[in-house]
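Across the two complexes that follow, subunit A remains constant while its partner is subunit B and subsequently subunit C.
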Partner chain A sequence: MFDYHFHWRPVLKNLPDLLAAGLTTLEVAVLAMIIGIVVGLGLALIRLYLKGPVRWFATAWVELARNTPALFQLFFFGFGLGAMGIHMSPYAIVLAALSFNCAGYLAENFRGGFQAIPVTQVRAARSLGMTAWQTYTRIIIPQVFRIVYHPLTNQMVWAVLISSLGMLVGFRELSGETQALASRTYRIFEYFAVTAIIYYVIVKIILGASRLLAARLFRY
Partner chain B sequence: MIEIRGLEKFYGSLQVLKGIDLDVPNGEVLSIIGASGSGKSTLLYCINALEAIEAGSVVVDGIDVHAKGTDINALRQKLGMVFQQWNSFPHLTTLQNVALAPQIVKGKSKAESREIAARQLEHVGLGDKFDVYPSALSGGQQQRLAIARALAMEPEYMLFDEATSALDPELVGEVLDTMRLLAEEGMTMICVTHEMSFARDVSDRVAFFHQGVIEEIDTPAEIFGSPKSEHLQKFLSNIR
Partner chain C sequence: MEPTASFFFDFRISDLWFLAEAAWRTLLISTLSITIGTALGVVFGWMLFEGRWAAVLILGPLLDVFRSVPLIIQLVLFYNFAPIIGLILDPFLSGVVILSIYCAALVANVARGGMEAVSPSMRRAARSLGMSYWQDLRYVVLPIGTRAVFPSWVGVALGVMKDSALVSVLGYVELLKASQILITRTQEPLLILTIAGAFYFALSYPISRYAASLEKRWAS
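Entry: the complex of A and B
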């Protein structure tokens, strides 16, 4: 009954293409994280310190990003905006959706991080004559960074994995590339097995790098 | 000289300071005693403008602390503060904790700031702890670190907000000794404290706070020897 014969050769022949697509995946995930960190930090600070419409906007962003499927967010930036006449390249659609999603999650991480720093740290810094800016950049942010560091790593892994949804809007990242190659040869299982290994290795590299960096950064 | 006139402070509708008048001349050590919630700590926070005030004024060396155009960051350099919760910066080593403000607030070179920090840490007896992080220090050591950090800005006044209240009993002595040392060196100090022996032995004057007013202020001998107000008598008898 089990008469499927594995054929790995076509997959291995196209391995360079898969690895190149893996780099595209990593690239879009890293860019989304950078945008997500900057925007997420902004959203967190808005939700902590501002009132009115700008705060409602930030709250709506965080709520939508965290409480709706990532796939729907991707479709919004692809087909939703497309229906409104705004057409972006598959790369831009995935980057936008992923950044939107990461910013929402990271905003909550940052907000929790800021709330974990006792207000007395601010008082101590200000009592020494530091300005509000110096207090934030030299005392608060470095402590928040440590608190959010591991959640940040998790988010990076998450960004790599959900970028695979990109294939549904025609983006040739690792999953999209795999899908395209597999449908040409019908070696679907073999292709996705190899691709799964590539994802696994990418994630392991991220986790390892993160651990090495943490050991250097946080000595206290 | 610190001159406080008619100072009033509210938290919402609750008035915690109800018209404080107080002069602290240079070189004086003033202890403030009184029950919790009587406004002692709040007064300290109003002196260096960590809290805003609703009425009255605080003048330090002729400068109105709460006036609009006052450069509060410059003024705070004159007013060192030590907190009940010592508030060391956990991400910085002992030396970095002390060297940071001289470097970024006063604009001194890194080398000079570290030199100042090293000197102040020696001063409070932490000369062998330069490169450890605060988490490796005891509460008493962290509080001495906080004192060194404030002293590194070369303040003219030191404000102590219950500096020993959060410490284990066996660690109180080392911090009080450091405060005594400062007093002997001529530092002007305002110490909110529950340590009656410190108030009696080290201060030039003692102020008794009761429900947002200074009910009695005098030499330690008078305050502890012949207290006049009924509240002070009751407060002292409760402590003994």
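Entry: the complex of A and C
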């Protein structure tokens, strides 16, 4: 029954390549998070304060990002836009789809965060003579940041995990690189086992770093 | 213009039937996995909640692995691992196994949260009224805990439904795989992807709205 021999040597020989690809994964995830935060913040503010077509657009974005599979979004940015004559590199496709997805999820988190701050605080700050900008940057945003900190960390982990879908559009991040190497030697199980460990470590590093940062940021 | 021989055919009405069948398979695999996963997850959640050392030391980290490794890697790993130990599984069964475990790992956290939401004094009151441990679980913890975490459970279930799209990497023809097949033949990615996306959206959006409204109603 058990006549399979594990061969780990080809995997270990290519370990540097895998680790380098792991860095690519991390890079895409971080970039997507940065874009996602900026755009998500914008979408949340639009949905809270504006009316009309802009708001419909923001709502459509958020609901589409949250209610369709990430893989569908990736295919849409890949094949769908390709049909409209917009051809992007695999890297750009993954980054665009990932940013779209993150922005949608984060917008809802931000909206919840803003709604959790009582309006009276804005009035109090304004009556103390703060400008609208000061009120936002000094009173509201720091509190919202605390509320969305954990969801942000989760979203970062999620971004790393779904960047693995890049392998289906030919992007050589950790999963894509693994698939390419595995198909060369047919040691599929061994390669993907090592990749799973690398993903696990990346996720643990993100969670650990986030906890350290939280201890430093939220001391009081 | 002279007609040229082509491998491509236009989108036909019969293709809609093909997509509908695939949508049915998406529903089938996700319902099955969510059902098994939830049953397992509640048991796991209860074990984690009770906090015996075996659960904390073994089950907790084990479930954590399924949450920290991309689903696509889990699927490929399991699909290639099963033959090693002599199991011949078709893509559907492999998909159900992994999606169920993945769902269970997510539900375990939710279920534990639900059990923690029931205040200990309420449970002590139940016990002091003469209820057995199981009666207390069944008639006190279950109703109150379910109410507390039902909306997040819906979120997890919808997530698994969307992630079932990933089973396509094993060759199981669910909705997204079917649309890919059609795209290859018709070369009309926009139309077909829109249909596939609309199906996911039509399934996910009403349910998530319903869960959100329940959450609002129960919170007040």
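The rule is short, and it goes like this: the second predicted complex is superposed on the first by the 220 of 220 C-alpha atoms of A that agree within 3 Å, B and C clash if a C-alpha of one lies under 4 Å from a C-alpha of the other, contacts with A are read in each partner's own complex, and residues count from 1 in each chain.
Here is the rule we use: a contact is a pair of C-beta atoms (placed from the backbone, for glycine too) under 8 Å apart; a residue touches a chain by one contact, two chains touch by 3 or more.
Values in this document were obtained by computation on a predicted structure and should not be read as measured data.
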**Report entry** Touched partner set for A:R219, first subunit B, second subunit C, both or neither
**Finding:** first
Report task. Classify the contacts of A:T59 with the two partner chains as first (subunit B alone), second (subunit C alone), both, or neither. Result -> neither
Query raised in the report: Counting only touches as set out at the top, which of subunit B and subunit C does A:R123 meet: first, second, both, neither?
Result: first
Requested in this report: Give one of first, second, both or neither to describe whether A:T153 is in contact with subunit B, with subunit C, with both, or with none.
Outcome: neither
Report task. Mind working out whether A:L71 is in touch with subunit B, subunit C, both or neither, as first, second, both or neither? Result -> second
Query raised in the report: In the superposed arrangement, which partner chain does A:L168 touch: subunit B (first), subunit C (second), both, or neither?
Result: second
Query raised in the report: Who contacts more of subunit A, subunit B or subunit C?
Result: C
Report task. Check the residue A:R138 against both partner chains and state whether it touches subunit B (first), subunit C (second), both, or neither. Result -> first
Query raised in the report: If you look only at subunit C, which of its residues touch subunit A in the complex?
Result: 65, 68-74, 76-77, 80-81, 83-86, 158, 162-163, 165-166, 168-169, 176, 179-180, 183, 188-190, 193, 196-197, 200-201, 204-205, 208
**Report entry** subunit B contact footprint on subunit A (complex, rising order)
**Finding:** 118, 120-121, 123-131, 134, 138-139, 142-143, 146, 219-220
Report summary line: Per the touch rule above, subunit A residues touching subunit C in the complex are 1-2, 4, 63-64, 66-72, 75-76, 79-80, 82-84, 157, 161-162, 164-165, 167-168, 175, 188-189, 192-193, 195-196, 199-200, 203-204
**Report entry** Residues on subunit B engaged by subunit A in the complex (per definition of touch)
**Finding:** 48, 50, 73-74, 76-77, 79-81, 83, 85, 87, 89-91, 100-101, 104-106, 133-135, 146, 149-150, 153
